[in-house]
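You will see subunit A twice below: alongside subunit B first, and alongside subunit C after that.
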Partner chain A sequence: MVSGKMKRFTAAALLTLFAFTLLTAYLSPFAYMTSTAFKDLHQFSRPDAPLWPAQEKSFTWEGKEYPLYHVPFEDGERILALVKKGREESLFVDPQNPEAGEIRWEGRWRTLEPVWEFSPRWENFPEAWEAIDFPRLFRNTLIIATVGMIGTLLSSIAVAYGFARFRIPGKKVLFVILIATIMLPRQVTLIPTYAFFARIGWTGTWLPLIVPHFFANAYNVFLLRQYFLTIPRELDEAAMIDGASPLRVLLSVILPLSIPAIVSVGIFHFIWAWNDYFEPYLYLATKPELQPISVGIQQFNALYSNQPHMIQATALMGLLLPVIIFFLAQRAFMRGVVITGVEK
Partner chain B sequence: MASVTYEHVTKRFGDVVAVNDLNLHIEDKEFLVFVGPSGCGKSTSLRMLAGLEEVTEGKIYIGDRVVNDVPPKDRDIAMVFQSYALYPHMTVYDNMAFGLKLRKVPKQEIDRRVKEAAEILGIAHLLDRKPKQLSGGQRQRVAVGRAIVREPNVFLMDEPLSNLDAKLRVQARAEISKLHKRLGTTFIYVTHDQVEAMTMGTRIAVLKDGILQQVDTPQTLYDYPANVFVAGFIGSPAMNFFDATLIEENGQMYADCKDFRLPIPKDNQAIYKPYLGKEVIVGVRPEHIHDPEYSPPGIQPAIVEATVDVTELMGNEVIVYLTTPHATFLGRFDPRTDARVGMTKAAAFDVGRIHIFDKATEKAIR
Partner chain C sequence: MEPSKRHKLSASARREARWGLLFLSPWLIGFLVFTLVPMVASLLFSFTDFNLLRPDEVHFVGLKNYRHLLHDPLVEQSMLVTLRFILISVPVGMLFPLLLATLLNAKRLKGKPFLRTLFYMPYIVPMISAAYIWRGFLGTTDGWLNKGLAVLGIKGPDWWNSPRWIYPALVLAGLWGVGNAMLTMLASMQGVPTELYEAAKVDGATPIHTFRHITLPMISPVLFYNLVLILIGTFQYFLLPWVIKGPNGDPGGATMFYNLYLFKTAFPYSDMGYGATLAWVLFFIILLVTLFLFGTAKYWVYYPSEEV
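On to the complex of A and B.
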């Protein structure tokens, strides 16, 4: 059975390699972003700088700072501090042994490679925080995403419950119509909805970003309905006989058993709203004090386009909350309620 | 405590008639069993009473109140489902207490009732568990417990034992019967298993294709089935049926079954007189076909010669499959019988216990 074992090992190894490659591809922009967020502005103008946040190392000699270089000699490379720059020859000092005095090296010092040391620049974050008024952006985004999430959960749960459990004339047709709205691209609905919101005077407010979510969303309704349908109807019936009204059945039986689906819908909406750029930009272009992070970063980008480290630091801060929420919710997904109370 | 009445109750699902003009009065404290093959309308009848299905036509009474438009929660009933339908996210205690909480029963009272019911059912040590941590038998008890604590007027049970293994089912059967005596409440029980029906019911309602065939005590159903369907459904193994013609020779009436004749006892001849010369169906239960050498005393035997096809030894008896040129039938013989496969064997029919049905209507001739 050695060959069988070998086969399984090879398969596992290949799969792992594939997953790892994929992971690397997906995470590399994130890694670049994180690295950039910690860099010093100076590093961007240096083509020979490493990818990681770094600063040129220096050595203090006789009260002055001198940069360190990798200097080649016949007997190997040495790390030396450049104390006197010359065109064809320069003077160096050995940081290990400064008492030995100046060392003469022939060659052009500009061809030498500087010594970089890892040096994350934490100050980027407080600087960006101040420059962009991050607390305001954060608060705006949080309100828009949270209230919208509550709205979409309340409305989508109610509609999905209706579709999953009640006898409604024309229910199938209504459901098909609802699902068909998924196929309408945003570009098509954008102009009429904008015209509508402009007419009722909601532009320049959060209302167009929040209120529509209180009228359910076809994706969420579909997802929740499918989940509700997997819950045996006998549970509803048992609860009804136990004295529950339809609302009580929803609250005491359906919802506790649908936590994984509800968490997913909530997270999807939250992250979508957090990252949404176009609509907030459309409705809040004239009101910077109401804009969320996505729009704020874009404005910042326009203002500080020569300061990528600040932009990336802001983006990283904006990312933090969704990532934390996602990891917390991951546990809720896992915990999930196992439906084993009904034997079939 | 309440009686239940179905008055001309009909239920249609689109074009399908699930229950057709059901008329039935169930007395207070009765244990009524709805029995029949799948799709006969027994579950639908129960679900209409529970309020889970709407009644298309007719009226259902609980006590003297028409409940057609009363929601399930206000009917004062409790139901045990085939799947048990325990709430997976609640503990056993909460499962049982849920209905009482919704009815705003005081906390101490809930606690008292749940613990008492758990004591009766022997599940007191399981109260903190979730349903998924229980065995099938334990879940079934919890489902019954959830119904008991409610102290309802009527108990409804929809095949509550069909998910249990055979041994547990026998045990649970006896427990439910005991529970019925102890609680003194009306029980309405649905099953497709005629053994459950016979052993538990004070009366049995046999349904087929949405039509009530017969409702009576188990013994009466067994002794006097109203038609061929009931005769064949009640009793195991099922009754043997033979196509026959009623004839009279020398003042003696016979059922002529082509291969053999069965004499009709003198006492019954008068009721069959109108059927002389007509085609009928003769029914004989396997337990009324004996090995002549071991036939019990007091029977009126008629000997029929047949070939032994199969024998099944059960220990206390042998089930013998017999064939004649036009018929195949089963007999329950004494285990000492010499019947062996392939041999020709005499079988003693107890003609005192035969049933005769009208061929056209399939109804018993009485």
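On to the complex of A and C.
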């Protein structure tokens, strides 16, 4: 009995340990990003530098700074400041006891390991902020994402209501077509759409990134419709008997009961628009002042490809808001994914 | 009495249909303007020499674009690159989320909500950020993976500059995109009735047996749905390697995906006639593959409701 319990406990512990190890490996690129974003450019030229942001520690002696090294002696290793470099032997000073004077050490100082100290370089962020003009990118992305979100909410709610509550000839076929558009490769519509937007002068503006969202989206319609179907029809009918029009029923019966689904759709769109890269690039490549954050980061990093700390700082700035929103709204978010993914 | 009643009913039915269509109208208009008309236009473009640099000189050229496509070495090369990548990345893109979902569904696992949220989280990261993070993480000398391999005494490969290692590198970076697949598979596993597992236990089935004969068939609709989406998505893959390696398909053409070639033809080169031809051929291939998958569904996808 006890051994059975013991065995079960061990199995649970091993399984949990495995899951957490896998998670650590899976998320380790985030650690790389964060650590690199705080490094000094100087650190990248040093192959012996640690993984974390660090600087070589030094010691000030008689008004001058000297680098610290791990120096091996017969009776063990000591941390000493290198004051005079020599080919075969060098002079050191003990930072604990500088009065003792210079210590002679035989060997090549270049083989010694420097003493690194943890030293995050916070200035990388204000510098990256300035370099990519973060406030402008942030404002542009916010406007594109928010207006598009309003558009997709207004239109997808109306369409989902139409599919959920009305008998319309051919509705089943229309719904199948709607779902099929999820599988339609974007390329097959992209070229004429681009040519059309170019002809009416919308390229180089935000309009191609915003206006199409006012015409509903299959995922959002599906999610909202599934939700609307769970609301009892008797509530609509009661309101109808009181003389409410279908629009009134939508506004005062359906919507107040569908807040969770509406929140899911809103977050989906906002994060999607925040992360979207290809179409903003396509339509705004020549308009830096209108670009959203994804395009701004890419254009900046293409110029500074030899500055890993700046690249990782901008990568971090780009993902911060969507990740924060996800953590705050993870329940609504993941429930929405499950509804659109499992119930189809 | 009867006819007038029927007439009255149909009048209210018509009224209902009118209201319904009114609510559907944003999508109906959007479908026409942003899907149906562009699709047809795209097909028409493919029979012309339409170039955005001289939009007023369009000529009908018949099947010239299609003939050119058949003899275009870049079409063949880029389609082979795409197919090779599909062969590596689709199995990983299905198996890795399946493994994660199975792990997160294990009864004895502790900290499930925490693990689920964090395994999902990379899916939220913007593609641009993910591209730069993975480019650095898999860097030849400064990347953490190669540094870790060096500790084990293994010399890590030159991930991004070797035509051989770039696909594994892209597949690794793609692991961050499995969130939705994992979550839907997990939700589907949680929906499997526990009586089935209890019955299997009574029959003395091993865990592998149970997984193979209960879990997999029960979640097969979600597996099917994810397989269709991932295949369609991978046929169109090009953005991540394009951001990391640039527009030339480096190294040595290994990232010259079909869609990159399509994009370059239609946009930087403004050759929209040929671009539309490439797009329609891709659409046609994807359509055939999707129809084929739907055709196989009856052999391996289990829909409980059909048996009722």
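List of remarks:
As a working rule, the second predicted complex is superposed on the first by the 306 of 344 C-alpha atoms of A that agree within 3 Å, B and C clash if a C-alpha of one lies under 4 Å from a C-alpha of the other, contacts with A are read in each partner's own complex, and residues count from 1 in each chain.
Operating definition for what follows: a residue touches a chain if its C-beta (ideal position, glycine included) is under 8 Å from a C-beta of that chain, and two chains touch if they have at least 3 such contacts.
Only a predicted model underlies this, so the values are computations on that prediction, with no experimental measurement involved.
Of the two partner chains placed by superposition, only subunit B is touched by A:253; subunit C is not. Of the two partner chains, neither subunit B nor subunit C is touched by A:73.
Residue contacts after overlaying the shared chain place A:243 against subunit B, while subunit C stays out of touching range.
In the superposed model, C is the one of subunit B and subunit C that contacts more residues of subunit A. Touch criterion met: A:195 reaches subunit C, while subunit B stays clear of it.
Contact with subunit C, but none with subunit B, is seen for A:36 once the two complexes are overlaid on the shared chain.
Once the two complexes are laid over each other on the shared chain, residue contacts for A:216 go to subunit C alone; subunit B is not touched.
Applying the stated contact rule after C-alpha superposition, one finds that A:23 touches subunit C and leaves subunit B untouched.
Across the two superposed structures, the residue set of subunit A contacted by subunit B and also by subunit C is 337-338, 341-342, 344. Across the complex, subunit A meets subunit C through its residues 8, 11-12, 15-16, 18-20, 22-23, 26-33, 36, 44, 47, 51, 154-155, 158-159, 161-163, 165-169, 171, 174, 177-178, 181-196, 198-199, 212, 214-216, 221, 246, 250, 271, 274-275, 277-278, 282, 293-294, 297-298, 301, 308, 311-312, 314-316, 318-319, 322-323, 326-327, 330, 334, 337-338, 341-342, 344. Chain contact summary for the complex, subunit A toward subunit B: residues 232, 234-235, 237-245, 248, 252-253, 256-257, 337-344. Residues of subunit C that touch subunit A in their complex: 13, 16-17, 19-31, 33-35, 37-39, 41-42, 45, 50, 52, 55, 103-104, 106, 108-111, 115-122, 124-130, 132-134, 136-137, 139, 141-144, 147, 175-176, 179-180, 183-184, 187-188, 191, 222, 225-226, 228-229, 232, 235-236, 239, 243, 259, 262, 266-267, 272, 275-276, 278-280, 282-283, 286, 290. By the touch rule above, subunit B contacts subunit A in their complex via residues 50-52, 71-73, 75, 77-79, 81, 83-89, 98-99, 102-103, 130-132, 136, 139, 146, 150, 163.
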